[in-house]
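Next up: the structures, one after another.
The two complexes that follow have subunit A in common; it is paired with subunit B in the first and with subunit C in the second.
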Partner chain A sequence: MPLIEFQDFSFKYYGADFLALKKVNLTISEGEYVVITGPSGCGKTTLCRTINGLVPQFHRGYIAGNVLVDGKNTRDHTVAEMATIAGLVFQQPENQLVTLNVEKEIAFGPENLGVDPVEVRHRVEELISLLDLEHLRDKHPHEMSGGEQQRVAIASILALKPKIMVADEPTSNLDPKNAELILDIIAGLNKRDMTVILVEHRLDLVSKDASRIVLMNDGRIVADGTPRNILVKDLCQEIGVGVPKATLVYKSLKNRGIDLGSVPLTGEELATLVKEAS
Partner chain B sequence: MSFLEVFQYTRQDSIIHRLDPRAKLFMAIVSAIVSLIFLEILPLLIILIILIPLLVAAKSLRRWLRSMKGLSILLVFILVFNTLLSPAPNPLNHSIALTLRLIALMTSFSLFFLTVHPDELSQALIQMRVRFEFAFAMSMAMRYVPTLAQEAYAIMDAQKARGVELDKGNPLKRIRNIVPIIVPLIIVSIRRALSIAESMESRGFGASPHRTYMNRLSFKKKDWVVVFISLLVLVLTIYIRLYIPLYVWSLPF
Partner chain C sequence: MIILENVHFAYDGIYTALQGVSLQIDDGERIAIMGTNGAGKTTLVKQLNGLLRPHRGRVILDGIDTKRYSVAELARHIGLVMQNPDHQLFLDSVEKEILFGLKQLGFSSEDARIRCESTLLNLGLDSLADRSPFTLSGGERKRVALASVLATEPRVLVLDEPTIGQDAKQKENLAQMLRDLNEKGRTVIVVTHDIEFVIENFPRTVAMANGTVIADGPTSSVLSNDDVIERCSLTAPQLTLAARSIHAIHPDVSERLTLLSNLEEEIVRVLRGA
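For the complex of A and B:
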């Protein structure tokens, strides 16, 4: 059974004059690492909100079709009920940190759901060591850098032990080094059997780990498949997706009659392919 | 505004810091009541003499002294104007007592606010049957003050870059200059609030009627001792005030 299933789902926010999602059909199974990408305003964020029930429970609007997450229809379940199934990490880290120190932040979710205090303490300690937050333990969110804040935000979502991690451009406000760190953490979670759905523009950093890329444009899914199949399409450049440089080189070589055999996603892969070819 | 520093939490490890906030709140209220009961110089001095060692125990004497220096203008002001305008029989005596009372009151509450972390404060409120939502709103206000301040500076810079002259003109003009800062700040804050709400909602805020707390406060022996002593002091001072005529020592003018 698929973990997430969009069935002809359309959505329009109240007060908006266009559909944010148009007849989206998408199935995601357990353990996948799905990268969603596409130009701004194409509906990526709405798609993320749909998975944990913020759409339609928090953001009201006109709906058609259904979304089933872990067998639950998001129309009938509150966001809190979905919280232990799908955790959502947002773009701005500082808006996700609502308490005065890291321990409290991580404990916030489980406390809200009435988890036993001993268990909450256990989860907090586990996540502090997992995400290397020991030195931040007593810090005010304002005293942390963006990357540190985002790490704490991820920890606070993981404290709810969700099956699915949805991250909506978690690196857009971070410098490249911190962005890489966050993306490594997310890739690591996927290796530990968590289903990951990531909205990201920096495809050169994520496509090597992703099992699938979903390309969106204008509220629709326009392409869906493995990174190597999707990124070589001309469509990517037409709608302005950040295709990895290595893949671009492969394409230009191919256009001039040199076929490298398989599609490289990183510089190293390209280098090995070129070495083999020459 | 440096005198407000005495009401700001300082991260320290001291006996006073380790006390339960509820015990400290009781102590602060008692010492405030006691300083309001008396308007004679001597008893007020005694209160201060008792409070200052507590400040030392909280490792915050220097901070307190700094704030009192900041407050000194106001204190002199109270002293001078009360002496000149008070209808009391010996005005200087009266105004010195008033000044001492203000210092004693501020010190009582600063002992509380200096040593209670906002988190502990909200936890104490919750355990005193204040609803979680209200206590949490308070701690969230603390959380977002620096963020909003930063945002206000960013807006000010942006407006200055567009040629808004914020610190020029007469007082009326300056007040009107706040408008181009305040309007964007409000709009940005509302947007931020929405995104914060989204994040809190995703983590089940308010979902369970039986919310749990990782760190609960618990009254220990020393907290009971503090409460007991405070109560004793309170009863004693009220008794003295009501039934024992004090030898009134005062300045002759």
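For the complex of A and C:
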């Protein structure tokens, strides 16, 4: 049985005059790492909100079709019920932070789910050390830099140990080293057992971890496949997807009659192919 | 010209954010500020338009200490787009939001309308003019915040993380607008983690860590300095990694920071020459 299933799902925000999602069909199995990408405004965040039930439970509107997550129809379950299955890292981290200090923020989710206090403490300490948040422990979440807030927002979702992690552009405010650190942590958890759905524009950061890229445009899924198969498509550049530079070099060379044999996603891969060909 | 002289700042007097930053920014420059989360980049750019004031040191605009100017007076010279658009947008339509800034700066209604229209078009927001910013997507909201400042074409444009939430096409549109404004003589300062955006558009880079400037100079030298990369939590761009690795076998291929077109030509040379 698939873990997440969109069946002909359409959604229009209350008061809007267009559909944000148009007849979306999407099946995601346990353990997958799916990257959702596509131009600004194409419906990525709406899709994320649908997986944890914020659409339609909090963001109301017109709906058609169904979304099943771990067998539960999101029409029939509250956000609190869905939270035990799917954790969502918001696109705008500040909107997610609700408590008075970083330590409390990380503990807040699991406490609300009724996790044993000893276990909560353990998770908080583990995440503070893993994400290098010690110096921020007592700070108010609104009195921090953008990147610091984003790291705390990610920690607070990881503390839930969700079966599914939905992360909406989780590296948008992070410096390159911190982005790498967070993505490595997420990839590590995915290798264990966490299903990951991650929205990203800068695909060179995530294409090595992802098993699959879902490309959206104008409320629809327009392509779905492995990173190498998707990123080489001209459609990506046409609609404005951030194709890795190494892949762009490959495509450009191919147009000039030089075929490197396989599609590189990183600089290292590109270099290896060039060395093999020379 | 803007000069920062040994600027210090601590939030609530205890959370140190800037510890002696000195910088000179000439008219018409394009400068990127990069560095570690919490390095003090946002704190630094807020000193420029007076949202925050130095606790020690000075910010000097055209020879005059900016402590003599109010935030409103500084806004006539310096336009800041904040990192988080939520802190900037407050009206109930996109168009009103853009027109507000223009009216504040004294543009006639006719002039304001023309500027508003063309800015919305350039940033792919034309179909959203009547929408409430609160119902927009993250990337759309950021572009509205950008539009509200870009439309006024201030002498000095300061953009805190302008590429957040932007797809490749929007990023290119924005880069084009910044180049056009720069050609008209505007100074452009961006804070960003997007190293490729910097390489392609900004000749000078200031790298920060721990409330101080670690390096300041031509982008190509600052971003190919491994010590700076390490201390400012940056990573080498993918094309540089490729160039270095190819250089190890073909020493005639430059290992320096590379634009896509340069690397492509070098590869063609290596493969065709072989």
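Some notes on this structure:
Convention: the second predicted complex is superposed on the first by the 261 of 278 C-alpha atoms of A that agree within 3 Å, B and C clash if a C-alpha of one lies under 4 Å from a C-alpha of the other, contacts with A are read in each partner's own complex, and residues count from 1 in each chain.
Note that a residue touches a chain if its C-beta (ideal position, glycine included) is under 8 Å from a C-beta of that chain, and two chains touch if they have at least 3 such contacts.
Treat the numbers as computed from the prediction; the structure is a model and nothing was measured.
Number of subunit A residues touched is higher for C, counting subunit B against subunit C.
In the superposition on chain A, contact of A:S156 is made with subunit B only, not with subunit C. In the superposed pair of complexes, A:Q92 makes contact with subunit B and with subunit C alike.
By the document's definition of touching, of the two partners only subunit C reaches A:P39; subunit B does not.
Once the two complexes are overlaid on the shared chain, A:D8 sits clear of subunit B and of subunit C alike. Contacts of A:T78 after superposition on the shared chain: subunit B is touched, whereas subunit C is not.
Once chain A of one complex is fitted onto chain A of the other, the partner contacts of A:G114 are limited to subunit B, with no touch recorded for subunit C. Touch criterion not met for A:E134: it reaches neither subunit B nor subunit C. When the shared chain is aligned, no partner comes close enough to touch A:D184: not subunit B, not subunit C.
Within the superposed three-chain model, A:E103 lies in touch with subunit B and out of touch with subunit C [touch as defined at top]. Looking at subunit A, you'll find residues 92, 94-95 touch subunit B in one structure and subunit C in the other.
Residues of subunit A that touch subunit C in their complex: 13, 15-16, 38-41, 45, 91-92, 94-95, 139, 143-148, 151, 168-169, 172-180, 201-202, 204, 237, 239-246, 248-249, 252-253, 256, 258, 266-268, 270-272, 274-275, 277-278. Contact residues on subunit C toward subunit A in their complex (touch as defined above): 11, 15, 34-38, 42, 83-84, 86, 124, 135-140, 143, 161, 164-171, 193-196, 232-235, 237-246, 249-250, 260, 263-264, 267-268, 270-272, 274. For subunit A in complex with subunit B, the touching residues are 49, 52, 54, 58, 78-81, 83, 87-88, 90, 92, 94-101, 103-104, 107-117, 120-121, 124, 138, 140-142, 153, 156-157, 160.
Those residues of subunit B that touch subunit A in the shared complex are 11, 117-119, 139-140, 142-143, 146-147, 192, 195-208, 210-214, 216.
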